[in-house]
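Before I ask anything, let me first share the structure, which is written out below as structure tokens.
Should a chain be cited, it is by its letter among A, B, C, D, E and F, assigned in written order, with residues numbered from 1 in that chain.
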Amino acid sequence: MERVTTGIPGLDEMLLGGFLPQTANLVEGAPGTGKTTLGMQFIHHGIAACGEPGLILTFEEFPQQYYDDAASFGWDFRQMEREGTLRVVMTSPEVSKADLEQVGGRIERLVQEIGVKRVLVDSISHFERLSETPSELRALVYGFVNALKREGLTAVLTRESMALLGEAEGADDTLTFLVDSYTLLRYVEIDSAVHKGLLVLKMRGSNHDKGIRQFDITSRGIEVRAPFEGREGIMSGSPRRMVDSFVQAFVRR
Amino acid sequence: MERVTTGIPGLDEMLLGGFLPQTANLVEGAPGTGKTTLGMQFIHHGIAACGEPGLILTFEEFPQQYYDDAASFGWDFRQMEREGTLRVVMTSPEVSKADLEQVGGRIERLVQEIGVKRVLVDSISHFERLSETPSELRALVYGFVNALKREGLTAVLTRESMALLGEAEGADDTLTFLVDSYTLLRYVEIDSAVHKGLLVLKMRGSNHDKGIRQFDITSRGIEVRAPFEGREGIMSGSPRRMVDSFVQAFVRR
Amino acid sequence: MERVTTGIPGLDEMLLGGFLPQTANLVEGAPGTGKTTLGMQFIHHGIAACGEPGLILTFEEFPQQYYDDAASFGWDFRQMEREGTLRVVMTSPEVSKADLEQVGGRIERLVQEIGVKRVLVDSISHFERLSETPSELRALVYGFVNALKREGLTAVLTRESMALLGEAEGADDTLTFLVDSYTLLRYVEIDSAVHKGLLVLKMRGSNHDKGIRQFDITSRGIEVRAPFEGREGIMSGSPRRMVDSFVQAFVRR
Amino acid sequence: MERVTTGIPGLDEMLLGGFLPQTANLVEGAPGTGKTTLGMQFIHHGIAACGEPGLILTFEEFPQQYYDDAASFGWDFRQMEREGTLRVVMTSPEVSKADLEQVGGRIERLVQEIGVKRVLVDSISHFERLSETPSELRALVYGFVNALKREGLTAVLTRESMALLGEAEGADDTLTFLVDSYTLLRYVEIDSAVHKGLLVLKMRGSNHDKGIRQFDITSRGIEVRAPFEGREGIMSGSPRRMVDSFVQAFVRR
Amino acid sequence: MERVTTGIPGLDEMLLGGFLPQTANLVEGAPGTGKTTLGMQFIHHGIAACGEPGLILTFEEFPQQYYDDAASFGWDFRQMEREGTLRVVMTSPEVSKADLEQVGGRIERLVQEIGVKRVLVDSISHFERLSETPSELRALVYGFVNALKREGLTAVLTRESMALLGEAEGADDTLTFLVDSYTLLRYVEIDSAVHKGLLVLKMRGSNHDKGIRQFDITSRGIEVRAPFEGREGIMSGSPRRMVDSFVQAFVRR
Amino acid sequence: MERVTTGIPGLDEMLLGGFLPQTANLVEGAPGTGKTTLGMQFIHHGIAACGEPGLILTFEEFPQQYYDDAASFGWDFRQMEREGTLRVVMTSPEVSKADLEQVGGRIERLVQEIGVKRVLVDSISHFERLSETPSELRALVYGFVNALKREGLTAVLTRESMALLGEAEGADDTLTFLVDSYTLLRYVEIDSAVHKGLLVLKMRGSNHDKGIRQFDITSRGIEVRAPFEGREGIMSGSPRRMVDSFVQAFVRR
């Protein structure tokens, strides 16, 4: 099956090649876990390696921030804008939603004019401001996401997680049922340091790697590595060393 | 006693043959655990193996999504629609409830015309939008579920669980008292990976397997396997290795 | 002291013979734990073994459901209705409360006409809908319960527990102070399976067994067995194996 | 210092002789832990052993319930009423509070006429209904408690605890700051059974035993025994066996 | 640097001599932990040992209660009142705040007339009643505290903690940012008994002992002793025995 | 890359040299953890060692408090004010926000007149009072922070954490997504004493040390030391000793 590669070492392998085309892919994490970096890398890889123009919809930060952040990984977003393979659009959830609902809106024009194939929505959390109930939010995001798919786009949607370590409790969270894939970025405390872990929890219409993998943000972007080892309760953010290693220490004697 | 088989390896065994006829069977899980897959497999098996036409009521996704998802398991839902053994109906909780309350409604006609025996309601969570209090929701779902039974249907109702790992706290949950059986799908973290577990918690009028079983979603659909081993607290989503294995390691020496 | 036997193996032993006469006995549990089965068994035993006619007040399910459920245990409730030793009355909390408040109401007449001695109220949770504050609910249930006692009845009141495993937190629960006895049915995860546990927490005016006992629902109804062994934290629903067994394994060497 | 003995074996010892005179003593526990029994025993002991007439203010149960409960311990409350050494008064928080605020009220008359020295208020939880905010409740109970002390009475105030096992969280609880002593009755799960534990947490103007003691309700009333042994986390209701016993098992070898 | 000694054995040592002059010092604890005793001891020591007259502002208890409580430690507060070195003033948060805001108010006069140097505010929790939001409360207490400092006073402010064992969750607590030092009194369950622990968490402008120390209330007042030993999680109120002692038991063999 | 050094031993090393220029750096901690000290040290170091004038915006404490606190570390803030290299401005969130929005406001003038390069905002928590919803607060702080950056300033923003030990749950916290770096100060209980730990969780546009380091407040200000060792769950505030040390004790034998 055709795949939309992310170009992120390790992640494409976990996704058995990449995202499926014309899907909405949620990437969630606490501040500093690298959600936006993952999304920018997905956009950059599309332009630089696959000839697929990209669009970044930002609801808070100025385009300049993306140019700067990208530059720190050696990605020249400003040049891509000049070449017409990238657009970084600062907008609002309201405007971008209305835009997608009309014929010939800005996003539709970008798709037609520069052939946009990939979109990064940073972040979907800003839609919460537009709705008063969880079911209203759900309908809103559902409509937005489907409109992106209708335009033929493969989307990465970032979402902010409140909990620094472990799961946020009591969240009225139903957006995860709408999306085609759901990837979690988490802080994990091990040996007096905070590591980063990545888990693909859900991928509709495809098998995927179920491991909880370590990852780092390097000068070349995100690099996903091997799964954590010898720990229980990793997703709690504060794993326990497994009795195993304990037992082995005895048995090995 | 007559049983409505699901065709899911392992699950029919847990149900001592299958669901009881004309019952409402709740299947609950977090996003990506395979609720809808389980329901589609139940419908497909009815049509393909038991000669029992099926109906899918969907409150959010388009029929196309079901055709695509089914196709990934080798189930040709579009062909079944053409042959008149399946109907995928996109509707709303309001409409389908009103439909069932009148004589000669759409669902009743489908039962009479194509002989529908099985129904998948995906998902019952959408009824929450229609009611303001838990007791209103309960009355609403109770009426809906009984109407389905009166039509002679055996139903799988999917429900969305908010909690990714472990139990959601404080849920105002009384629907589980209404249904005839209640099956939970859960993520379970073991050895740095996220596995899936299935538990039949309740089955009215029948004994059933009480084990917490592992299951996978393969290219042929859901396959339920053996119970987890050597772990405590599985339903918390973050089980502990049991002291047992520890002790055995010593004693075996 | 005179006792009202339940006929449930093991439970009468825990109650030192049975419930006290003219008392209100609360039986609480999650869906599928067997609350209604326990109540039906109490009613059936009264009729079949003690010559004490029974009454079932149901606030949600139709009498047919009770006939069917009873039949699966070999109890012929329909025949008992015909013989005038049982009445299954589908009503509402409002109506049954009003009925008890007037002279010569329906329940009073049943007591006089067929000599009802035992009543199953399934479930007392439905009273919550009638009251807006916990103290209103308390007054309401208190009045209802006392009216039943004044009629000379020994009552089993079922109550729905929201928590699947362990205690529900933050519940505004004061009904347990009103009743004469309080029995909890709980799911307990042990060795990758979900077992059932029963605990008599309170029994006014009598000593009682304080053990947390395992029980099963068999083809003959509920059977209460020996206490759980070698586990801590059973009431949390997710017990830990005790260090004891660990130590013994060493010491026995 | 003069002490008001409770006559409860073990408890007077923990209180270094008994309560201090003219104090308000809070006794808190979950349903069935024996709060009312403790209070009745305190009243009975005053009358039978110390020549101190007693008063029971009940806000929910009828006097008959107290006569019956007392009888099960061999205490003849009805006879004491006849002899004029006991009054069981069913009233409301509103009425009893108003009564204490006026000169020559009912309680004041009982003090003057039969020389009441001890009072059981069962339960102080019913005052919650009268107040809308925690600070209003506090002022209300404070006034009530001081009025009792002004009458020269030593009071046991029972309070209902919502949590079956362990601490109720988030309780807006400031009454414990008003009272002179505070005793907690708790369920404690040990070895697959539910035991009862008693702790005197606070005693103004006196030292007291800080142990967490086991107690039983026998045919002679409450009997407080030795502290629990070899467990950690007793007040959580679900204690852990201490590593100690573990270590000793090794070291003893 | 000049210090305001408390006269409490062990505490002055932890404070490296005592509180700093003209500071507000918060002392927080559950009922019965000894907050008021600590404050009275601070006042008594000032008068008896340092020649610094004291003031007690009480918002709930009558002066008599303080005379009695002090007497149980051998402190003759009534005599000190007569000698003009102590004032126990029962007032309200409203009145005392207004008093401090005007020129020549009661507190200012006491400072001028009898030379008050130390004040005990028992308890600051009563200010909560005056404010509707946390930020209003903060502004209110901030103004009150600064007014006390402007009068040249060194203050002990007691605060009531809702949690019996461990931390209260979700508390909207910002007062701790206003004060100059913050001392916590906690119950700690060890070996089936409830001990008391003291921790100085914060001390502005000075170093201090960071240990969690045991303390007792003796006939001479509070005595702070050595830190707890061999336990983890003391501040949770339910500490675990450390693996250390376990290991040592092995290694010592 | 150019760095704005903090002058705090250990912290600059963790930041790979210091903060990035023109960034907003959040420092969060419970009362007494040293947030303000860290911020003052950053300001002092800029003036004394880098020739970069500083500004302190305080929303609650008077300048005098900062002079005093600084003096206790040997930093002469009053002298710096006289020399025109420091301004301590007591203001309100409203005023400082309005000031930054107009041309030629006070802050802009200070930047022009004395060449302010560094600013300490103490504390950003006071903005919460100005907004009714989390998204309003976010927009407000976002505008404020960007205005500071536009002036060319590198900012330390302190924030108050409610939780004494471990994470506050359920916090509606999205400010952490706005800032360029996020440093947490935490209390950690180890060996019956409360230590302090520091973690740089996020640093936009730069790598950084991920360790959880111990730190102390000495007479020279904050000194960050080595990471904690041999503990799990440090960020919970109540770490467990790792099984490792246990195993090593055996293996070393």
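Quick note on the criterion: a contact is a pair of C-beta atoms (placed from the backbone, for glycine too) under 8 Å apart; a residue touches a chain by one contact, two chains touch by 3 or more.
As the structure is a computational prediction, the values presented were derived from the model and not from experiment.
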| item | value |
| --- | --- |
| Co-neighbours of chain F and chain B - touch as defined | A |
| Co-neighbours of chain E and chain C - touch as defined | D |
| Farthest chain relative to chain F (centres taken as mean CA coordinates) | C |
| Angle of the C-alpha superposing rotation, chain D to chain E, to the nearest 5 degrees | 60 |
| Same or different residue numbers at the chain A/chain F copy interface, by half rule | different |
| Rounded Å distance between chain E and chain F, as computed from the means of their C-alpha atoms | 29 |
| Separation of chain B from chain D, taking each centre as the mean of its C-alpha atoms, in whole Å | 50 |
| Residues within chain C bordering two or more other chains | 169-170, 240, 243, 246, 250 |
| Complex contacts: residues of chain D adjacent to chain E | 135, 142, 167, 169-174, 176-179, 182, 199, 201-207, 210-212, 227-229, 231-236, 240, 242-244, 246-247, 250-251 |
| Chain A - residues contacting chain F, complex | 30-32, 60, 68-69, 72, 123, 125, 128-129, 160, 162-165, 168-170, 187, 189, 192-195, 217, 219, 237-241, 243, 245-246, 249-250, 253 |
